[in-house]
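In what follows, structures are represented as structure tokens.
In the two complexes below, chain A is the common chain; its partner is chain B in one and chain C in the other.
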Partner chain A sequence: MKRCDSGCHGGVRVVARERWLGWKRRTAPKSGSARGQANLPVVAVALIVLMAVTGMTVAMAEGAVLSAERDADERALAVATANAFVDGDADHTRRANVLDAEALAEVQADGEWPAGAVDDDAAVRISASERVVLERGDPDGGTTVRRLAKLASDEEWIGSVAVGSDEELDVPAGTTALEIEPDGSIEAVRVDGRVVVDGTHGPEGTTEVALRPERNATVTASGDHGRVAVTARRERTEPVVVEVTLDG
Partner chain B sequence: MASRGIDRRGDERATTPMIAKSLEAAVIILFIGVATSGLYAGVIPEYRSLTAAEVGDRTLAAAGHEIEAAVPPEGGATTIEQEAAHRVSLPTTLRAEPYHIVPTNDGTRRIELRHPHRSIEGSRTLVLPDHVVAVRGELPGGEGWIVVRTAPEGDGVIISLGGDREEAAE
Partner chain C sequence: MAEVTDRGQLSLSLVEAAVGVVFVLTVAATFGLALPEAGTTTAQLDAYAVDTATILAHERPSNGDGSRLADIEDSREFERNRDALDDRLDRLLPDNLLYRVETPWGPVGVDPPSGVETGGATVMIPAGELTVEVWYI
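What follows is the complex of A and B.
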């Protein structure tokens, strides 16, 4: 470093800064006080910048906290209600996530809520495919939870098979139940070779047979003459969006 | 540079940089002090409480969902005495303090969050089917157990909560 007097540090640096700040060099030696604490304005500026940054950070944190906030309680209740509504145990469902169309219409007509479903002081609306099923209060806004479910209804298919011929009746795929109504002189009606109607002890009424939907059953009838009417029931499903809106 | 005739003035000037530096240091230490105490006195505890309250709400919601999901479907005609345990994992502490989730036993099916700090609290209705007879015990933060047993009377189930399996099964 260049050798200099005691004033070197303050002198040279301050003069340089004063020149940078646009001050006349001539004024520097005259006013000692201005020269001495010339760093302070810079410190002040730095602190102001630091404060501004801190303020901005706090504001950003505030925004983050506010945007992360949601009504967890309301949402939890809406989710729980939606889960209970599509649960396999409920009266209006056939199994989990499959609603029974008839039972749902009954629920809609009766306005009876599933057991223990919702808090009494919350306004709730349950709708399936934008058709309101149950409503209590008037939920305005609130939290909406959606569940994709199926709406199942029964479809009937009618066929018949002649008695005593080698005729076989194939019931449609997905059949869950058969209704067999024999007419005439019948020895036996078989579904997939299993005897379901025994006609040797006189004529019988209608017989119901449950089938597994994945089985493609065939109906055959043996005997003298007559016909067997077969009604097959199968499930028809359509997707439905269950919406639970809760405002509490 | 300084002339030899005014040496005395030069001596006085030597203190200037020291004063300048100490002033700067003092100002900055003061600023840091004010800023830190300002943040710690107001903003930080407020945010801590706010965040803890939000996490508490979600913890309560999660605990409720766990309890609701633990309920088995209603049995048929025969009831076999059985017991099923589910492990749940919740935040260990809220606002650096332990807490409990306790079912209220006043007829309504609710669970309550109990925490030493007053800003964190909450309760929530449980959506449970009718065959749940009672909910007992308490669920601490961290790892907990939900034990579902058939009621001694044979109809319905009892849900017990506890910090470990033995405690919940009692």
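What follows is the complex of A and C.
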């Protein structure tokens, strides 16, 4: 029982509410004064309100924890997928962080996911420079991880060198491979003094020679007559941003 | 006493309930507001820095001419290629990033502003260490 001796300014409103709730105030028999008091239904209402709010709060907290866990999982998967995509050992990469344009187009056509990429039922999208390469499901929002890479394609340079002259053919800097096609009577074709085509045993077809791009190689040919056609391949790269969006 | 006899009083249970609701909601609000930042910004910046360092150290410039950074073995060469290197970094990194690359011969790029979150990576090149630092504009 609560006693109100002085300063109970809210009393009138409470009277009204308690009447509205259909409960009569009890009066204390000793003093004979009309007093309000905390009564059972109000306590019950208060308890219900408090319990409802507490329940909602616990639900919210659980939701927050779950989404935090899910975010971490999602991010880990996205990071792993991005790693697998720019990894040097993947089928569509030449080296670490260097994507092969041709192989990438193949991957895009076949929809073949690189080994090590996630293969559960999360929605994933991999794009390079805003161009979608691989997509599974429809990731909406989710986590995005970006990586920097280079997109490499081959550029061909064609030259030729006369056989049996002192002519030297300088292939362009950065050449990674040479295709040598001799025509005529040839004794030997040399790249930087090293014999790569031996023509003494009859004509040969096309010979491929791999070069280190740092070296500026020269091609010479010895023999009676003819020409040697040389096709040099060198790598062109352009920077791309690989974007992996995962919504799990 | 006469003036209080006719008045009821504020139900303390309701007051307590109201206070309780406010308290519980305050606790609930901390779940939404006070979650620590998961460090994803730094993780992404680190990934950018690692990629930049890898590409710088192992790849030739896109035009196919000139040498890899690994071939920059003396400071004279570096001074000669400094602008080209700056240019290369500029093209490599997305527009929303700024960078600073610390080479054995000196820095390229601008200094990061104080208080900004940066991501960093270091690679070894023949001449020494190469440290890349990137941050959002």
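Note that in this section the second predicted complex is superposed on the first by the 176 of 248 C-alpha atoms of A that agree within 3 Å, B and C clash if a C-alpha of one lies under 4 Å from a C-alpha of the other, contacts with A are read in each partner's own complex, and residues count from 1 in each chain.
Convention: a residue touches a chain if its C-beta (ideal position, glycine included) is under 8 Å from a C-beta of that chain, and two chains touch if they have at least 3 such contacts.
Note that this is a predicted model, so its numbers are computed, not measured.
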item: Chain B versus chain C as contact partner of A:172, first or second or both or neither; value: second
item: Chain C versus chain B, contacts on chain A by residue; value: C
item: Touched partner set for A:76, first chain B, second chain C, both or neither; value: first
item: First (chain B), second (chain C), both or neither touched by A:148; value: second
item: Which superposed partner A:49 touches (first chain B, second chain C, both, neither); value: second
item: Contacts of A:125 with chain B and chain C, given as first, second, both or neither; value: neither
item: Touching partner for A:84 - first (chain B), second (chain C), both, neither; value: first
item: Partner chain(s) touched by A:97 [first = chain B, second = chain C, both, neither]; value: second
item: Contacts of A:239 with chain B and chain C, given as first, second, both or neither; value: second
item: Residues of chain A contacting chain B in one complex and chain C in the other; value: 4-6, 8, 10-11, 32, 35-37, 39, 43, 47, 50, 54, 61, 68, 72, 75, 79
item: In the complex, chain B residues that touch chain A; value: 1-2, 10-11, 13-14, 16-17, 19-20, 23-24, 27-28, 31, 35, 39, 43, 47, 50-51, 54, 57-58, 60-61, 64-65, 68, 73-74, 109, 122, 124-130
item: In the complex, chain A residues that touch chain C; value: 2, 4-6, 8, 10-15, 18, 25, 31-39, 42-43, 45-47, 49-50, 53-54, 56-57, 60-61, 64, 68, 71-72, 75, 79, 82, 86, 95-98, 145-150, 155, 172-174, 213-214, 234-239, 241
item: Residues on chain A engaged by chain B in the complex (per definition of touch); value: 4-11, 32, 35-37, 39-40, 43-44, 47, 50-51, 54, 58, 61, 65, 68-69, 72-73, 75-77, 79-81, 83-84, 87-89, 115-119
item: Residue ranges of chain C in contact with chain A within the complex; value: 1, 4-14, 16-17, 20-21, 24-25, 27-28, 31-32, 35, 38, 40, 43-44, 47-48, 51-52, 54-55, 58-60, 62, 64-68, 71, 91-94
